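After this come two complexes, each holding chain A, first together with chain B and then together with chain C.
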Partner chain A sequence: MSASEIVPALVAAGSRARRPGLGSAFGWELSKLWKQKRAKITLAFAAVAPVLIVLIVKSQQRPPKDSLFGRFIHESGWSVPLLILGFAAQWVLPLLTALVAGDIFAGENQMGTWKTLLTRSVSRTQIFWAKTITAVLFALGVLLLLSVSTILSSIILIGHQPLVGLTGQVIPSYTAALLVSASWATAIPPLLAFTCLAILLSVLSGNPSFAIAGPVVIGMVMQLGGSLGGVEALRPFLLTTPFEAWHGLIVQDRFYGPLEYGLIGSMVWCVGSLTWAYVAIRRRDVTGG
Partner chain B sequence: MRRLKSVSLRRLVPWVIATTVLVVGAGALVSTSQSSVTRPRLERDLSQTFANRYVAQAKLLGHSGVTVEGMRPRTQCYKGVPNVNDQGSGAGVWLCYMKWYDSNVDETLMPGKFELNVHSNSCYTATGPSKLVGLLTITDKNDKDVINPVSEFDGCFDPHGLDTPTGNLDLVPTKTSPTGLASIAIAAATLHPDGNSIVRPTITCSPGQEGCGGTIVATVGGTPIDTVTYVLSPDSKGRLVITIPKDTSGGEIVLSVTPVIGKAATPKVTLAIK
Partner chain C sequence: MPVAEVLAVDAVGVTKRYGDLVAVNGISIQVEQGEVYGVLGPNGAGKTTFMRMLFGLIRPDAGEIRLFGRTWEKDGTRVLDDVAGFVETPRFYPYLTGRENLVGLARLDGGGSANRIDDVLDIVDLAARADDKTREYSYGMRQRLGVAASLIRHPRLLVVDEPANGLDPAGIRDMRALIKRLADSGLTVLLSSHDMIEVEEICDNVTIMRKGDVVFHGSIAELREQAPEQGHRVSTDDDERAIAIGRDFEQLVVGRVDEGGLSVVGAQDEVDRLVKTFVDQGLALRALENTETPLQTLFFMLTERDHHDSELAAAVGG
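Up next, the complex of A and B:
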C-alpha cells in the first residue's frame, strides 16, 4: 500500500470524525422549530380545535347535508371525523403543513442567517435534507394529532353507533373504527406533496408569508378546478384529488384506484418540487444575504 | 432578501414557459378525454345504494321480507332530455327511473323517478320519489318521527368501475310532449235555455302547447247578442255562458270563434236552440 493511497483514507476518516453530519443538522432544525411560537401554536390547534368543532357540529339543529356524512352527524360518531376530513382537506391541511414548511427555508432569508448557517461545517445538501425531514415530520405530527383528536372527541361526544357508508350500507362500529382511521391515513401522500410544494415556494421566494399562503391558494384553486364539470380529465393531476381517495374505503365494494393514482400523483409532485428546490439551494449565491 | 427584489426577466422566462406548457397540455387533455361519471356506473350504483337504504327504511317501518336480493332494482338514467338533448355523461343533474319489487308498495306507481346531483368526484346526492318512498320524515313502527333514509341519500362510485351498459332501456316513460297548437272545439248539441235564458255550450281544448284562449261572438238571426271570452288549459273541457233573447227558442244560434291562443277546429258553429 503506497502512501498516496493511505493519505486520502486518513483524511476521509478524520473528516468523518470531526465533521457534524445530517443527524446533528437535523437536531438543530428540530430545536429551532421547537423554539418557534408558531409551531407550538399549530400543534396545540391540531389537538384542541377538533374538540371545539365537534361540539359545534353536535349542536347543529339542521345537519350540513350538502357535505358527505353531514346528514348523519347526530346518528353516528364515526360520520363526524369523515365530515371533518372532507372539510380539512379543502385548505386546513395545506395550511397546517405550510405554516412550517413554507417558513423553514425562507425564514433564514428573513432573518438574514443563510451566511451564518452555511459557514457551519455541514454541507448544503445536509442542511437541505435536515430542513426537509423536519418539515415532513412536523406535517405527519400535525396530521396525527388532528386525526386522533377528531376521532376521539367524536366518539366521546357523539358515540360509536354503526356508520352508514357511501353505498348506503350499514358498517358495524368496529369496522368503522378501522375504516375511519385508514381514511385519515390516506391524507398522508397529498399532505406531504403540499409540504414539498411549500418547501419549493419557500426556497424560490425567500418570503415566508408567500410560501405559507401559496400552497393554500394553490390548493383552493385546484379544489375549484377539480369540482368543475367538463374538466374531469385534469383531476388525476391535481394535488387535491388524492384527498378524496378515502371514498373508496367507505363503499360496499371497496375500490383502491384513486388511492393508487393519488399516491403516484403525490409522489410526482413531491419529487418534482424537492428536486427543483434542491437544485435552487445548491446553486444559490448567498454572499449578498 | 436582496435576491427577491432583483427578480429579473431572465428568471421569469422558465415560469412563463412552464405555465404555457401546462395550460396547453391541460387543454389538450380536457378536449380528448371522457368523464368518469357515466350512465352504466351511475345506474349500477344507484340501484345498489337505494336498495341498501330501502332495506334500512323497511326495518324502521317494520315491513318484513324486504331484502336487497328480493328487490331486484333496475335503473335507467340520463343526463339532460332524452332523445332531444341527451348529454351522455359528466357531472351535473341526472334523472333516473327505477323499478323494484316490494309487496308493501303500489307497484303501478313504478318506475320511481330519482333526481341526482352528481359531482365530478363520482359522488352524488339523490332525491327519491316521494310517491313511493315517502317524505323527508316518516313515522316508524313505534310511532316516532324519524328521518326517511331514502328520501335523500348520498352515494359514491368507483370512477374506474365497470362501464358496460346495463341494458335497462325500458324504464324512462315515453310520454311525448305535444308540439302542435291546441285547438278549441264546440260540442254540436242542441241547447236548452234555462229559466234566465242562459245557454251553456260545452267547449273542449285539445292537448297542445299553451292551451286555448280567445273570444266567441254569438249571433241570432244575423244580430250579435253576446261576446264571451274563453281560457282553457290543454286537454280540458269548459262551458260557455251566453244569455240569449227570450224569443229565440226553436231558432238557431251562430257562434264565431276568434282564437288568440291556440286555434279553432271550426271557426263558425251553428247550434239549434229548443
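Up next, the complex of A and C:
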C-alpha cells in the first residue's frame, strides 16, 4: 500500500475502539520502567548485594558488636537479616525507593515528555495514579527482593540456629523465621511514606537528582533529629521512627505501640505527600516540558 | 447542529496572562472542518501559548475553546478525541525505540490504533529506523515521529506547531509535502508558523498574531490583496544616476539601500520598463533580484511595525 493510499484510509478510520483507563496508563508506566537500566540495576542490587554482604559478614573474624545483633552473626543466620535491616533503614531503603519514585514524575520534565503524555487520551488523574502505583509496587518489589535475598543467603551461608532476642531470650528457629519476616514487613509503611515523599519532591522540583537525593537527606536529618533529646513528642511523626518499630517484636514481652504509631505516622506522610503532589499535577501549566 | 457543521476549532476571546505579560489577548479563531488554517507570527507572538491552550496543557484566563463542539470544562480529555498533534518539538522517551514509543502512546489512546503503527511509519518514512532508539534520531526524524504519533490517533484535526522548525532545507520540503498530503486527504490542519512562505504554500486561511494580538484574520487570497508590490534590489555602475532616472517613473518607489544599490517597489511591467531605460541610457546593470515576497513584506509590516503605527493594521482589518 502506498503512502497516498494509506493517508486517506487513516483519516477516514473510525473513532478509537475504547477509551484508555488507569490500566492503560499503568501498563505504559510499567513497560517504560522495565526498559530503564536504573530500575534493572536497582532490582539486581536488591537481589545480589545481600548475598555479598552475608559472605563478607561470615568471613569477618571479629563481629560488629556495637551493632544490634552484630555480636550474634556467627551464631545464628537469623541475626544477619536483622543486622542488615537496621543498617538498610538508615539510608539504603529510602535511596532504593527514591531511585524510581524520585524520577517517575521529574523524568518527564527532564525529557520534555509531559506534553507527549498529556496530548493523548489519558487524564492527568490517570497518569498521576499510574505513576504512583508503579512507584509503590517498585518499592515493595525492592523490599521483597532485599528481604528474601537477605534471609535466604543468611540461612544458607550461616545456618538457621535459634536466635537470641533483644532481652536475651532464645527464640526457636521456626519462631525466629516468622519474627524476622515480620520485622522486614514492618518496614513497608515507612518505606511507602518515603516513596510518597519522593513522589512529592519529584512533582514539585521537576528535577530527578533533587527528588532522588531529597528523601535520603531528609531521612538522615530525621535520624539525627530523632536521636536528640527534647523531641519525644515529634518522634512518632518522623519518617525514620517506624523503621525501628520491629524492636518490639524481638523481646520477651512483645509490644506493638511503635508499630501502631509508625503505621499512623507513615499514613499521614503518605496521604499528605500524595494529596499535595496530586493537586500540583492537576493545576500545573505544562509549558517547557 | 449536524456533526459536519460543527467547527473543528472555535476559540472565542481567549486570553492568557503570565503576571503582567499578556501572552494571548482575547483572540478568536474559528477553523472549519476540512480547512487548512495557519496561525502566523514571529517568536513571542503567542502562537505556541494558543496551541498549548488547545491541548489543555495550560488553562486560559478568559474565553472558551471548543474542539468539535467539546470543551475542557465539560468533556475533560474527550475534548481531544478527534484531535492530535504536537506543541513545539515533539519529545519521546530516548531509551525506547521509535516503534516502542508509538506502541506506548497508542496504548494511552486505548490501544485500538496499535495495528496502524507500521502504516504511519511508512507515511513518515521512518520504517527503516523504527527499531532504533529515539536518542539516535535526528531533529527531523523526531519531527516526523511526532507526525506519526499524531496519525495513529486517526484524528480529524491535526495541530502542528512550527513543524519545519530546525529542519534542513530537504527536511522542510519533506515536512511541507507531508502536511499538504494529509490536508489533501481531507484532514483539518491547524498549523502555527513564523514562516509566511510556509503558510502561503499550505494554508487556506490565516490568523497573524503579534505580541498576543490578532493583526490580520482572513484568507490567503485576502492577504495577497493587501500585500504591497514585489520589491527588487537593483545595482548599477552609477546608482546616483539610476535614482535620478527612477524619479521619472511615478508608479515605482525607488530608493537607496544602506548595503548598496537601489530598492525598487512596484508593478513588474514598470520595473521591466525601468531596467530597459537603464540599459538604453548606458547604465551597466550589475544585479537585479527579488527581495522578500509581497506577503513576506506585508507580514513584516504587520508584525514588526511600531506600536504607534496602526494605519496598516486598520487598513488590513487588524
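Going forward, the second predicted complex is superposed on the first by the 270 of 289 C-alpha atoms of A that agree within 3 Å, B and C clash if a C-alpha of one lies under 4 Å from a C-alpha of the other, contacts with A are read in each partner's own complex, and residues count from 1 in each chain.
Throughout what follows, a residue touches a chain if its C-beta (ideal position, glycine included) is under 8 Å from a C-beta of that chain, and two chains touch if they have at least 3 such contacts.
All values reported here derive from a predicted model rather than from experimental measurement.
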item: Chain B versus chain C as contact partner of A:G112, first or second or both or neither; value: both
item: Touching partner for A:P20 - first (chain B), second (chain C), both, neither; value: second
item: Which superposed partner A:V251 touches (first chain B, second chain C, both, neither); value: first
item: Chain B versus chain C as contact partner of A:K32, first or second or both or neither; value: second
item: Chain B versus chain C as contact partner of A:S205, first or second or both or neither; value: first
item: Partner chain(s) touched by A:A233 [first = chain B, second = chain C, both, neither]; value: first
item: On chain A, positions contacted by chain B and by chain C; value: 112, 285
item: Chain B - residues contacting chain A, complex; value: 1-4, 26, 29-30, 32-37, 45, 48-53, 56, 90-92, 119-123, 125, 147, 149, 152-161
item: Of all residues in chain C, those that touch chain A in their complex; value: 52, 55-59, 76-77, 80-82, 84-96, 100, 104-105, 107-113, 116, 119-120, 122-123, 149, 151, 153-154, 156, 181-182, 185-187
item: Chain C contact footprint on chain A (complex, rising order); value: 1, 3-4, 6-20, 24-25, 27-28, 31-32, 35-37, 111-123, 285-287
item: For the chain A and chain B complex, residues of the former touching the latter; value: 65-66, 68-69, 71, 109-110, 112, 164, 166-170, 205-207, 226-235, 237, 241, 244, 247-248, 250-253, 255, 257-258, 284-285, 288-289
